[in-house]
Amino acid sequence: MIRFESDYSEGCIPEILTALQKTNTEQTPGYGMDVHCENARDLIKKACKAPKADVHFLVGGTQANVTVIAALLKPYQGAICPESGHINVHETGALEATGHKCLNLPSKDGKISAKQVEEAILLQKNDASHEHIVQPGLVYISFPTETGVLYSKKELIALSKVCRKYHIPLFVDGARMGYGLASKKNDLTLEDFAKYTDVFYIGGTKVGALFGEAVVIPNKQYQENFRYNMKQRGGMLAKGRLLGIQFEELFKQNRYFKISKQAAECAELLAEALEKKGYKFAYEPQTNQLFPIMSNKKIEELRKHFAFLTFGVIDKDHSIVRFVTSFLTTKENVKKLIKEL
Amino acid sequence: MIRFESDYSEGCIPEILTALQKTNTEQTPGYGMDVHCENARDLIKKACKAPKADVHFLVGGTQANVTVIAALLKPYQGAICPESGHINVHETGALEATGHKCLNLPSKDGKISAKQVEEAILLQKNDASHEHIVQPGLVYISFPTETGVLYSKKELIALSKVCRKYHIPLFVDGARMGYGLASKKNDLTLEDFAKYTDVFYIGGTKVGALFGEAVVIPNKQYQENFRYNMKQRGGMLAKGRLLGIQFEELFKQNRYFKISKQAAECAELLAEALEKKGYKFAYEPQTNQLFPIMSNKKIEELRKHFAFLTFGVIDKDHSIVRFVTSFLTTKENVKKLIKEL
Amino acid sequence: MIRFESDYSEGCIPEILTALQKTNTEQTPGYGMDVHCENARDLIKKACKAPKADVHFLVGGTQANVTVIAALLKPYQGAICPESGHINVHETGALEATGHKCLNLPSKDGKISAKQVEEAILLQKNDASHEHIVQPGLVYISFPTETGVLYSKKELIALSKVCRKYHIPLFVDGARMGYGLASKKNDLTLEDFAKYTDVFYIGGTKVGALFGEAVVIPNKQYQENFRYNMKQRGGMLAKGRLLGIQFEELFKQNRYFKISKQAAECAELLAEALEKKGYKFAYEPQTNQLFPIMSNKKIEELRKHFAFLTFGVIDKDHSIVRFVTSFLTTKENVKKLIKEL
Amino acid sequence: MIRFESDYSEGCIPEILTALQKTNTEQTPGYGMDVHCENARDLIKKACKAPKADVHFLVGGTQANVTVIAALLKPYQGAICPESGHINVHETGALEATGHKCLNLPSKDGKISAKQVEEAILLQKNDASHEHIVQPGLVYISFPTETGVLYSKKELIALSKVCRKYHIPLFVDGARMGYGLASKKNDLTLEDFAKYTDVFYIGGTKVGALFGEAVVIPNKQYQENFRYNMKQRGGMLAKGRLLGIQFEELFKQNRYFKISKQAAECAELLAEALEKKGYKFAYEPQTNQLFPIMSNKKIEELRKHFAFLTFGVIDKDHSIVRFVTSFLTTKENVKKLIKEL
């Protein structure tokens, strides 16, 4: 059985295991104040060309989303997000549990546009009863989206402009940031995210680490006392160095980009093969998640040797499936899958 | 420099690193539904002689406290705890952030008694304005306490009786559970905790693991849908198997108890030496945390070769210090410290 | 200027002012424990033919919605509601501020069907990732809806059946309950609400009182300690008797129904005239709120002598307006409006 | 039976009833945007000599406390308060329900000093683990306190200085503000509160109104979007004019001060008589609440003709009782009580 089910079903890159071994008996202060975290923060700031940014490490994505958003919003504000946004559909109301509403905008591919955001802001602002309506206080987007789609540089800049016009922070969930950056269809860099957003995070859990998300706060206005929020939301790891060690290894020698590139190339190989064989896609194939539409017969056949998810139903004979490549996927295995298509 | 600063300044037992290495390329389902978590759950239930208990794995202590307590309380209820309870003093209001008040009881050594608890319950219940007062809805204790002190079996049973009399769950924070159980002054077992409490957790972070706390819910009434709470509070680890693997290794071959025993013996060796040399203790020395009172001159002298915390001030010439042993402390190093006392 | 703007722009029925005057120097216990509240509770239980129901008085609608829903939900549950539901759009996120998500269903007229509710429940329940999705824990509907539309007895019973099938409470926001019951298109009674729902409230603010909503809890399971929730949410009025006195006066001699009837008749008179003159309605005219579509020219003309809201835009020449009748509207004034149509 | 039980057991001053009658059929906009609220705001700003202050009307004290404090704090901050503070002991955890901790300071008479506040701020600030401790974000005091005691001008200025030094707002619960200001032992004015605090409220419920508290925000920094908070916390009254009308009547012709003066004089008459007869007081008699210590025999005797609360126990034969005067208390009735002492 060859698996294309998810990008978090294995462990981590071997360098991390080696580093954990090597540092195991080191004695360090807790809570992210150790030298490994310090190094990792420096490596990330360099990668973002953002020497004045703050960098914090959290264990997982839901924790990162909730901690950041709750830290940035006033009590009567909510987070504008696409209706398919992870915070809206797959976090068991974690954001609402901190007191804040998801302000959903319709979206076909998981993206929202600057125009949509501005309209939503103005709709509330200009309503005679605006004080009775949750005020948009932040814009949440994912790069790439839950359906593997990318924002272009032009789109990100447009969102950034609207947010700055209305003094609302722009926050990017980068749980799969690496795979987005590595796509040949991408024109954005970490430097762009540091320049055009107020807070974003670089996902480790799905991109080479055992766990961990690196929250980057380029905007000085949102840096103060962030660690209090981390502790309050249960996100301050006692042996914080585990996060430092992992991000050190990921950002040494550009490893984060190299392993993402490999996953991207595997996905591109597969996407091209699918296209050549005439398969249609539910969402444009851009990153490590591919959503081809297949006949149920073909799906059944493939399941004999390959593991993957059914994502949705097209009609009684056809479904959307999801193939995911990760930092551990090999081209060899992709070729085996292509052969059976 | 030999360090007695804390029990979370190093990594983990070597068996865990080996297991992480060995399982790294295994593909497993996420979120704690893998075979390692399953095995670990079984091992823990056996260790607790509680086949019908539920076991869940969370990453850290604050997360465990908040997730459990918020799951058990009604909105208008609070958690009875000693005033020095971790939830009250060292979690940046994480419990209040879920909407609940800490109902503090005075305590000299971090323990509270059944009598105190019953009085607090009756005080609220019998107040003419009881509807204007937060209702006690849970009792939170730590075993051992923040100051290293143990509840006796008699004391635990008494607390349990009061809680059951008033239909209030008893919850035990066992961040250092191993060190408590391993103390020669202890008369409690995991089986007792499963019998006399409603929820408790077995700390991994401070006792041999890289991270992780195993929440045990022996009381059926509180088992339903606990995983929803975990997800909502940001505590459901994507690669949940990391927790499973660690607790598997900790509970195989009684390792959890063996490594705790070693730390306990180191502490006992040190405590006896301190007593023999005439040092007084701020709190009775019972577990891996010792709080002797020393002259500031002596403290300064010791700091040349040993790292440890100053915990409080007695007078202008004397302070309380804290020596902590852990699963990685060696008797050799303890003897070096004793020599300098 | 004759006003058809809202049903809360005036004071109250004269009997309430007389009663306030008469009781002003009476000395009573606070917080709703006085004899007037007791009498009002009895009158309401009789009107609902629900002797075992609990009745509580709150000051306003948002307070009533939040207090009830937060009392009934578990932390990881949300409230199913129509997307136009007041809790979702016009309470500044008051429900989210208590930690709970609105689970919106599409709706054209503010109503949701039993079928929609069952589908939403099953969609979450049967999702492989159901633990990552907010669990439906309550169904919220308004009678009448924000757009003046009624549920039929058949529809209410169907909703009730689904809710009971899945052990989820059904809660009815009755801010305009009186006007709903008084409509000639209505086939429901207070007795039906007591029978088929778990909690509902009878609006006073918009139906004859200065302020006040009477929360009725027919389902024993949700009665316990409700007053704690009231106090915690800031809804326990010190001079609670003010609420008792008002509901006493409203429910004496069937006044609540009589004053509602008058408003309903005024609305029916107006609706028939509008229909006769060929106006279309954005929502079926059923209660005291009418939503005819008019040319902007006509609207401008009417505004010279009448006050009313513009509710929405149809095209560049036509808009939806809202005419509201209340317990103080006179047929004479309605006739003046009809004359100008 | 003559009653000295509380200051909220009757209705209101007659002028308010007359005004309600007179304005009953006026049509006004809702939610506090009417002309009566506007007038009342102006009268209050004049009384405070604070033309740039914002004034908002809320229904009750718990609502006012929670709405203000939750609006001013960041998520990881708590409210410093005396341990007997209303927010800490008599609001069913309403503040915690918004996510914030009460940071209690010991107090014998319900007051806290500038020195205590500064120590508490520094203790957290200078703790090596300060990020693990709730940060003081506001100081809450009551004027007068729950036990009827007053802050002097000197004490208020000292508190104000400490708060400003550490950039923490000072908030005064003035549920009984009128009675405090009217005491002959008082040296503070509304102008002082506007000058030395950041937010305070002027209680109506206990001082002449049916209900209502006027929140005054002299500090510009805390004025923005306060109405959003009011709506979110369920505190925006639909027929807001009811609050406007009441505060208009209270602040016309200095009525608020006159009626408070009468209650103060009744209390002073009673206090002097008690002193003369040799009764000791549990708290210094300064305002409309008196706490003499009496033999249980005497208490029993008095209860035949007078109603009052037992507040605490001194020994098996003696108790603390509470006599409260209000804006409706007559000197005649006080004299009857004195006669029986």
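In order of appearance the chains are A, B, C and D, and numbering begins at 1 in each one.
Quick note on the criterion: a contact is a pair of C-beta atoms (placed from the backbone, for glycine too) under 8 Å apart; a residue touches a chain by one contact, two chains touch by 3 or more.
Since the model is a prediction, treat every value here as computed from it, not as a measurement.
A.B. asks: C-D or B-D: which has the larger count of contacting C-beta pairs?
C.D. replies: C-D
A.B. asks: To test your reading of the model: what rotation angle superimposes chain A on chain D by C-alpha positions, in degrees to the nearest 5?
C.D. replies: Copies differ by a rotation of 180 degrees.
A.B. asks: Farthest from chain C by Cα centre, which chain is it? Let me know.
C.D. replies: That would be chain B.
A.B. asks: Return the distance between the CA-based centres of chain A and chain D, expressed in whole Å.
C.D. replies: Here the centre of chain D sits 50 Å away from the centre of chain A.
A.B. asks: As a quick test, compute the distance in whole Å between the mean CA positions of chain C and chain D.
C.D. replies: Chain centroid spacing, chain C to chain D, equals 34 Å.
A.B. asks: Please tell me the distance, in whole Å, between the geometric centres of chain B and chain D computed from their C-alpha atoms.
C.D. replies: That pair's centroid distance is 42 Å.
A.B. asks: Which parts of chain D, given as residue numbers and ranges, touch two or more other chains?
C.D. replies: Residues 75-76, 91-93, 97-99, 131-132, 228, 231-232, 236 of chain D touch two or more partner chains.
A.B. asks: Answer with line, ring, star, complete or other to describe the graph linking chains that touch.
C.D. replies: complete
A.B. asks: Touching chain A in the complex: which residues of chain B?
C.D. replies: Against chain A, the touching part of chain B is residues 3, 5-6, 8-12, 14, 17, 20-21, 23-30, 59-63, 66-67, 91-94, 97-98, 205-206, 210-211, 228, 231-239, 242, 307, 328.
A.B. asks: Tell me, which parts of chain D touch chain A in their complex?
C.D. replies: Listed in rising order, the residues of chain D that touch chain A are 31, 70-71, 74-76, 98-99, 131-132, 135, 225, 227-229, 231-232, 236.
A.B. asks: For the complex, give me every residue of chain D touching chain B.
C.D. replies: Touching chain B from chain D are residues 75-76, 78, 89-93, 96-102, 129, 131-134.
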